[in-house]
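In the two complexes that follow, subunit A is the common piece, with subunit B as its partner first and subunit C second.
Our next item is the complex of A and B:
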């Protein structure tokens, strides 16, 4: 039993070290990507198209729904305490700082994380990776780096759109409940919005994008030879991404509020 | 080929550029809101304490934020050096002799740092020192009316404004009382030549006079006491005589035998050839006759009592009949129901001997 525990710990530690090494290599290739962008530029564009642009619709709907919900809840609750002005602070905290990046990350994980893991897994099973290696193309450089950059960029851009649509949705419902001029609405928002809030949301999106891309690419390349491993890789990519995203969110939030 | 695949580059470009534009616009708006692109004019001031002030504390003028505190530092004299900035749009308000005033809410609603512009026309140079309202320089400026301090019209501030004169009056009163007590102490110590000192000297003279008077009274009282002692001695002698008399009366060989002695006063009174006896005897006979007369009268009355009783009974019957007649006349049978039947009144309380006993 002790031998089994020891082997399990050694294997887990080896996986973590391998994962860290993989992440480092992927990051290095991503930094170098812009020097040799002609290699995977098309892959990057397609990744942003699939991960970012195609997720915009669901992200926008979700953002507007969240904005409406916050406005409806806040309008009834905060008004009871005479703190109606806190509505704008609440919107900024929920949409810009906390829920925006998190929900965007969940959308991207569910859509693109699984897609990346299964696509790369399929390429491994079909020996395409071996072919790239055989012709001297680094799969991390050609397949991994554009996906990582694409997911990170898509996360950042989607997070910005999430803010835009979330605040627009809130404005739309405000026109029904308590009509306010757009200029006044924006002025009140800007009065409580700080660059720190904006950067906080973008930092979270950046970290979440790195997590989603790294885990998904890692899981995709981890497929060995059976096609049945491909969906498992997708499931594991989603599960691991969710856990790491939540842990990272807690860590970043704690660092912001305690720091 | 699908549209979006064919034009993927453009779609992605627009997608990213729009987001970037929105982000840049947001940052610019936020920057403008946070005065990143505006020039602020810096000044310095000094406070006694950092309580209520901190970096970022807004500086208010008539409800408008015209600047903020940038930095605070505790200097070597344990005072707080404050660097603050006035926004360029309000720089014209920062005139020479301007003041800063920290107003703290007494009910815990925080504090406000107010800026009171000077009354002059000259604008403060950047980096100039601005005094605080409670500093000696600030108080001097206020006394000389060189600074424009608006009337504080909120209730709490007005209350505070009313309380301050009260406290000053109280303080003056305390000082006056203290001074009075000092004067009293000096007067009591005989060091004062004022009215109180003179009063105390007069009081001392009065006390001396009273002491002399008490001495005189004491002498008179001693004489009275001496006379009272003499009187008590006399009373004691009288009492002793009474005791002697009582003892003599109790003595069987004393006063009583002497009174009953055949040669005493009683014998002399009785030995009057029966004159006294005869007189007493006559009186007794007279009393006896009187008693006989009374007895005869009583007997006569006893014999006449039935007759008197019958007469009284007849009289009562006649009265009752007369009453019935009168009642009959009152209730004339032609008019009413005739003479009503008389009902005897049953006595409320009956004797124990009446009835079936």
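Our next item is the complex of A and C:
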């Protein structure tokens, strides 16, 4: 019994250490990406197109719906306490700091995290990765780094996009409930918006992007030989990404409020 | 005179994958310009052996040496030169599915010849495709090819840089007779140009045709490795199956050659002999020379 627990702990510790080593190598390859000869620019462009551009529509719809919901809840709840003017603070905190990066991360995980893990897993099963190694291409540099950069860039752009559409949705519902001029709406938002809020949102987006990309790439490369492992890799990539994203979100938020 | 350094050498190599031992204490050396064939049943570790020798699978213990240099301790430049020096044909082609056939062939060339212009890349790509007899459009994707065509493109990719060393994993599997003959003739040409070749196969045909050295694998262990000429004399019970198949192959080939020789001699004799006079029954010359009459042909 004790031996089994010990072995399990040792295996888990080994996996975590391997994962950290993998993350370090991937990060190093990504930093050196534009200096390498075997650069996968095409992979990078395709990744940004898929993760960033193609997710714009769903991101916009979700952001507008969230903006509407926050405004509806805030308008009724804050008015009860006579704190109607806190609406703009609420919008900035919820959309820019919290939900913007978090929901964007969920969208990117669901779309691109699974796609990356299953695509790479398929390449492993079809021996395409081995074929890259045989010709002298480093798979981490050629396949991993552009995906990581593409996901991080897309996360940052989508997060900003989410903010814009979230605030637009809020403005739209205001025109129905309590009409206000666009200039005044923007002025009120800017009045409560701080650089810290913006930086917080972007920092979270950056961290979430790194988590989604590295977890998905790791899971994809971890497929060994059977095609049945491919969907499992996708599921595990999503599960692990969600958990790590929520933990990271809590850690960053705690650091901001407690630090 | 000093000993020549083998092109590839494995020293006590063991490897595991997914908790299973795929290679156990394997040692051998591939000499310059030699063709070594490794035989064994399914799951005997043939493909793993080839991948380990090519630096694709990292062994748990032991060393893989390329021209005397440990592959695990190579600098980036040495590693690049190592990968530049060989072509690898995978059993299932392993073409990059998200790239066109042209890009599949061009990538190794672009990578290792960075100063080459696009015209030079194109020449190399079309030369390789022509060598394997692939005449379809190279703008297609691998998914559009049959298994045999994929194998040919896989071979073309291995040849695009005209490497000094070739690893061929079941090179004639899934091919029709014409394509298989083409592959055999390519191997013949490579042998004639003193390329070092390592082939793994389950068929004694390739061993009989090309092997200078023969290895036999079972359960990840290299049971024997030595000159092909001595293989049919192997007495070890574990090797009798292979030795027996090679003897049969030799006898069949010798029998076929003798038959061909007799037929050629008979044909030469009949051509030298004066034409026979037509008989009263109206036999023609062809029937007289042993050919079949028009009625028989019909």
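FYI, the second predicted complex is superposed on the first by the 257 of 259 C-alpha atoms of A that agree within 3 Å, B and C clash if a C-alpha of one lies under 4 Å from a C-alpha of the other, contacts with A are read in each partner's own complex, and residues count from 1 in each chain.
Criterion: a contact is a pair of C-beta atoms (placed from the backbone, for glycine too) under 8 Å apart; a residue touches a chain by one contact, two chains touch by 3 or more.
Being a predicted model, the structure only gives us computed values, none of them experimental.
Student: If subunit A is used to align the two complexes, do subunit B and subunit C fit next to each other or clash?
Tutor: fit
Student: In the overlaid three-chain picture, which partner chain does A:225 touch, first (subunit B) or second (subunit C), both, or neither?
Tutor: Only subunit C is touched by A:225; subunit B is not.
Student: With the two complexes superposed on chain A, say which partner A:195 touches: subunit B (first), subunit C (second), both, or neither.
Tutor: first
Student: For A:52, is the partner it touches subunit B (first), subunit C (second), both, or none of the two (neither)?
Tutor: Touch status of A:52: first partner only.
Student: With both complexes overlaid on chain A, does A:243 touch subunit B (first), subunit C (second), both or neither?
Tutor: In the superposed model, A:243 contacts neither subunit B nor subunit C.
Student: Closest Cα approach between subunit B and subunit C after superposing, in Å?
Tutor: Checking C-alpha atoms only, subunit B sits 12 Å from subunit C at its nearest point.
Student: Of the residues on subunit A, which ones does subunit B touch that subunit C also touches?
Tutor: none
Student: Which residues of subunit A touch subunit B in their complex?
Tutor: 45-46, 48-49, 52-53, 56, 153, 156-157, 160-161, 164, 190-191, 193-195, 198, 202
Student: Taking the touch rule as given, give the residues of subunit A at its contact with subunit C in the complex, in rising order.
Tutor: 37-38, 122-123, 126-128, 130-137, 224-225
Student: Going by the contact rule at the top, pick out the subunit C residues touching subunit A in the complex.
Tutor: Going through subunit C, the ones touching subunit A are 17-18, 51, 54-56, 79-80, 82-84, 86, 88, 90, 92, 94-97, 107-108, 111-112, 114, 157.
Student: Sort out for me which residues of subunit B touch subunit A in the complex.
Tutor: Spelled out, the residues of subunit B in touch with subunit A are 4-5, 8-9, 11-12, 15-16, 19, 22-23, 26-27, 29-31, 33-34.
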